[in-house]
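Following are the structures in question.
Shared chain: chain A. Partners: chain B in the first complex, chain C in the second.
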Partner chain A sequence: MADPILRLSQLSKRFGQFAAVKDIDLAIDEGEFFTIVGPSGSGKTTLIRMLAGLEEPSGGEILLRGQRINETPANRRPTCMVFQSLALFPHRSVGQNIEFPLKMRGVPPMQRRERADELLRLLRLPEDYYGKQVSQCSGGERQRIALARALAFDPEILFFDEPLSAIDFRLRKTLEKELKDLHRETGKTFIYITHSLEEAMVMSDRIGIMRAGELVQVGAPDEIYSRPANRFVSEFMGEVNVLEVKPNGAGLHCPALGATLQGPGGQGGPGDQGDFAGGYLVIRPEYLRFLGPGETAENQIEGVLYNEYALGSRIQYQVRVGEAVFLVEKLREQRYEGQLDDRVVIGWEARDSVLAPE
Partner chain B sequence: MTEARKKRITHGLMAAWSGSIIVFLYLPILCVVLASFSRQRYFRFPVPAFDTKWYDRAFSSLTVRDLVSTSLSIALLVALISVILAFFGALAFARFDWRGRRIYQRLVLLPIFFPQAVLGLALLIWFSSVGIIPDWRTAVIAHLVWIVPIVTLVISIQAYSFDPALEEAAFDLGATRWQTLKEVTLPVLWPGVVSGGLFAFLLSWGNFPLSLFTTGADQTVPEWLYAKMVSGYTPLVPTLGALTTSGAALVLILGYGSWMLLRRRKSQRASP
Partner chain C sequence: MTAATESTLSDSTRPAPRPQRRLRNPGLLAALPVLIFLALAFAAPLLAVLGYSFMPEGTFDFTFPPTIENYHTVFSGSYYISFVKSLGLALVTVALLMVICWPIAYGMAKIFGRWANLMTLAIVIPLFVSENIRLFGWVLFLIKGGVLLGSLQTWLGIEAESILYDVPAIVLGLVYVYLPFTLFPMVLGISMVSREVTEAAFDMGASRWQVFREVELPLAMPGILIGGLLTFILSLGSLAESKILGGQAVIMIADEIETAFTFGQNWPLGSALSVLLILFSGTLVITLLNWVDLDRILGRGRDD
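Then we have the complex of A and B:
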């Protein structure tokens, strides 16, 4: 494996008494699409601003290809950021915006124009947009202009500070894919931050989950999805069923249900919970199913169907078992045929659940 | 009474009210203009006979030339200096967070509300106590004390709506600090700078109380107008009054006009 393009060691940032980023170690490979996901206030923006050179670290090191760049100002780093507000210059035309980094570098006008036209094509913007005012462009077009401007800089790493957060759902879905295609086309290293794990899943090679200034888990999307390191990560992924449990020899005792459940099991089969000493059992709503007469599952619970919600292609059901609430999701074609307030039995297989120690 | 009729009456009353406000605001100036075209040596209204001879006199008078050049020098210098000071002051207000910013903000704006006669007197006392003999240059300083806060306010309105990410983006895209100021900050704040400059020029051009105390032996147009009204009235008073007012109006119209022209040219270039 080649050396990482960017390595952070013990990187931290304090604002007065408040530690925004705490001793982060991370290595990012050349050409990787790495996404940092965290709720607001988790320190992800501070982290990316340090990487871009807009904020100076309080401790630790940032190494770009092995060279320490802590003190290098943003304008002398071979990196470039797409801002949340996009920060397009309102007094310049689309073309002049794209040419900006080239102009700063003293590239002659003819060459600048050539490169701008190239980038307009790459981002599938009409060529006559060169002279257009930025204020006359749509939200999606502005995204592409900001991207084109960043690419004109020809950075080794591109940073993204939630550029899609202000865009409506449908367009966002399109732009996410476009961004991933652009990543393939350019082969550059992309480091992206967002508060939406769903967005991260679509685009990223690897994802880092941040909470309170620390990286809680780093891994490929699949890994994060199927093996969340803790309850925080699993809940971040969207709606999941979380049960507090404790091993009791026969399985996992769940006080809320007053039942013993089978967990995913350690090396020694279902009865063995490995070194799990108590915590949470996490089950995704799509792994739960309604059991008809005669059907069984490794874990079964009886409850009352309280409500149902249509979520596009899927339907979500709320099932109440005493005080506990379960969410069950089915594809529309496999919907549960029945009435609200029906007594239902829901179940899941032990291997479809995940243990989270905290 | 029908609904339609009620509506008509309301509209009529509103029009009359707006109209009378406009008349109230502009009629006095109009009177001065009319008086300036009078043939009589004495100020009388209504004007019995019209003539433009006082304008010929005004244009050939050396006194008038001196007055206008003093007023113009003060106003131009005040506009220039106040725009520079206010530009950076506004940036400091709007863009940076520092200890005591809010209290400083209020303290700096306070001179706007000082009675100008008191401010002028205070400055005069201060000048003489440090041994400066007042002339038109001390008036520049006096005007600045009052005008810089106003211009700062005008420019900071523009600066508050300025996205700080714009400067960061420029910096991140390889611009130096100086390039960022020249290529991004200044052009984006330009409308505020232009209107701040116009404010400064016009407020200085028309200022009387501060000039009265601080010009020393020099005299500005408003000072002369007042002095001649008090004693030694000449028909040049309304003439010069009308001229300075139209001068101010001209500056405004030129400023606004060139701004509109620039914008139109820009949007034409944008959509060929």
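Then we have the complex of A and C:
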């Protein structure tokens, strides 16, 4: 495998007493679409600002193709950032915005114009937008202008600081896909930060989950989805059922249900939980099903159907078991036929659950 | 008695549609008091000045046939010297203030954080003291044997000439008095430049100087322009600085106007000079504000 384009070792940043980023080790491959996901305050913005050269690290190293770039200021790094606000220049036309990085590098006007036209085509913006004022462009168009501008000087890595967060849902969905297409078309390394794991899932080759300045888990979207490293990661991904459990020899004892459950387990049969010493059992709502008469599952619980919510193509049910609340999700075609307040039996297979140590 | 009661009653039941009709266009009505005040306090004196400027020399009412002899006197006399000097001093003041204020304004808008409030206060508080008194303070500070030169001589034994009663002292006074007028609009202008925009420029390869020239300066231009214009026009019509600190070393155009109205007892001549000064300033403001399209700078561009 080729050397990574970007390697972070023990990278950290403190502001006074506060450690915003703590000893991060990470290698990003050339051409990868890597997304860092975390809630606000997790240090993801500080991290990407260090990578872009807008913030100086307090410790550790940033290596670009093996070269230490800690001290290289942003204007000398072969990287470019797309900001949250997009940071387009309101006093310049679309063309002047796109040409800005080239003008700063002393590229003659003729060549700049050629490159700008090329980028307008790449981002599917009409050619006559060259002379248009940025303020007259729509949200989606501005997004494309910012991308064109960032690509203008052919940077090796593009950083994205939540550029889609202020855009309405439908347009955001379109732009996520466009961004992934652009990644494929340009073959460049994209490093993206967002607070939405859903957004990360759509676009990324790999995802890093950040919490309180640390990378909690790094992996492909599938991996993160099916094997979350801990409760934080699994809850970050959306609504999941989380049960506090402790191994008791026969399986996993769940105090809230007063029952012993079967977890995904180790190799040694139902009782074996590997090196799991207690923590959380996580089950996604879509893995739970309603059991009819005669149907069984490895884990079965009886409860009361309390409420149901329509979520577009799916329907979500809230089932109450004593104090505990379960969410069950079904496709519309497979909806549960019954009444609220019905006594229901819900169940799931042991292999569909995930153990999270903390 | 009964009839009166009836009519009162019917009046009180009827007026419903009326206020509706009156309120349909409340803007003009609400603005009327201000309009009247402005007409009396602002437009009327200007019109009086305009009227006097066409009256014969040394007269004190409007009963004479209009004449342009005052304008003739102005243009054939040596008033242009005062005007050019005032213009020069105003330009120098604006230029100096631009250079002095940029770093202060930049700091106040972007760097000092909450210290900026303290600075604002420090700059504003002296404005509570009358301009003349502050200028006399400068006289005491600068005069031979005063605070500055006296201390230098007593403690360090240095003998120096006072800059008082010459052009540098006038410029000092103008810069000192009009600093807030340049500074505060400039602070506003610079605060309109978002941090992300400057960072983006830097990230895209701009040097510090290029960030300043390509992004910060043009985006802060509305504030700079307004502050500059304000300062220029105030300096052009200034009087106290040249009188108190300059000791009449330079006769400003405002001096000439004052002299015409007071010692000269020639209101029409003073009025003609005033009209010309107002025309000059007004033309300048309108041209400049049209030339530098504020909307364009602010990114609220129209179709073009």
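The rule is short, and it goes like this: the second predicted complex is superposed on the first by the 358 of 358 C-alpha atoms of A that agree within 3 Å, B and C clash if a C-alpha of one lies under 4 Å from a C-alpha of the other, contacts with A are read in each partner's own complex, and residues count from 1 in each chain.
Here is the rule we go by: contacts are C-beta pairs under 8 Å (C-beta built on N, C-alpha and C of every residue); 3 or more make two chains touch, one makes a residue touch a chain.
None of the values given here were measured: they were computed from a predicted structure.
Undergrad: Should the pairing of chain B and chain C on chain A count as a clash or a fit in the superposition?
TA: clash
Undergrad: Is A:Tyr317 contacted by the first partner chain B, the second partner chain C, both or neither?
TA: In the superposition, A:Tyr317 touches no partner, neither chain B nor chain C.
Undergrad: A:Gly53 contacts which: chain B (first), chain C (second), both, neither?
TA: In the superposition, A:Gly53 contacts both chain B and chain C.
Undergrad: Once the structures are superposed on A, label A:Cys80 by its partner contacts, choosing first (chain B), second (chain C), both or neither.
TA: In the superposition, A:Cys80 touches chain B and chain C alike.
Undergrad: Based on the superposed arrangement, let me know which partner A:Phe100 touches: chain B (first), chain C (second), both, or neither?
TA: After superposition on chain A, A:Phe100 lies in contact with both partners, chain B and chain C.
Undergrad: With both complexes superposed on chain A, which partner does A:Phe153 reach: first (chain B), second (chain C), both or neither?
TA: both
Undergrad: Counting only touches as set out at the top, which of chain B and chain C does A:Phe326 meet: first, second, both, neither?
TA: neither
Undergrad: For chain A, which residues belong to both interfaces, chain B and chain C?
TA: Shared contact residues on chain A: 52-54, 73-76, 79-81, 83-85, 87, 89-91, 100-101, 103-105, 133, 136, 149-150, 153.
Undergrad: Using the touch rule from the top, collect the residues of chain B that touch chain A in their complex.
TA: It comes out as residues 163, 165-166, 168-176, 179, 183-184, 187-188, 190, 266-267, 269-272.
Undergrad: Residue numbers of chain A touching chain B in their complex, please.
TA: Residue list for chain A touching chain B: 52-54, 73-76, 79-81, 83-85, 87, 89-91, 93, 100-101, 103-105, 128, 131-133, 136, 149-150, 153.
Undergrad: For the complex, which residues does chain A have touching chain C?
TA: 52-54, 73-76, 79-81, 83-85, 87-91, 100-101, 103-105, 133-136, 149-150, 152-153
Undergrad: Which chain C residues qualify as touching chain A in the complex?
TA: Residue list for chain C touching chain A: 194, 196-197, 199-207, 210, 214-215, 218-219, 296-301, 303-304.
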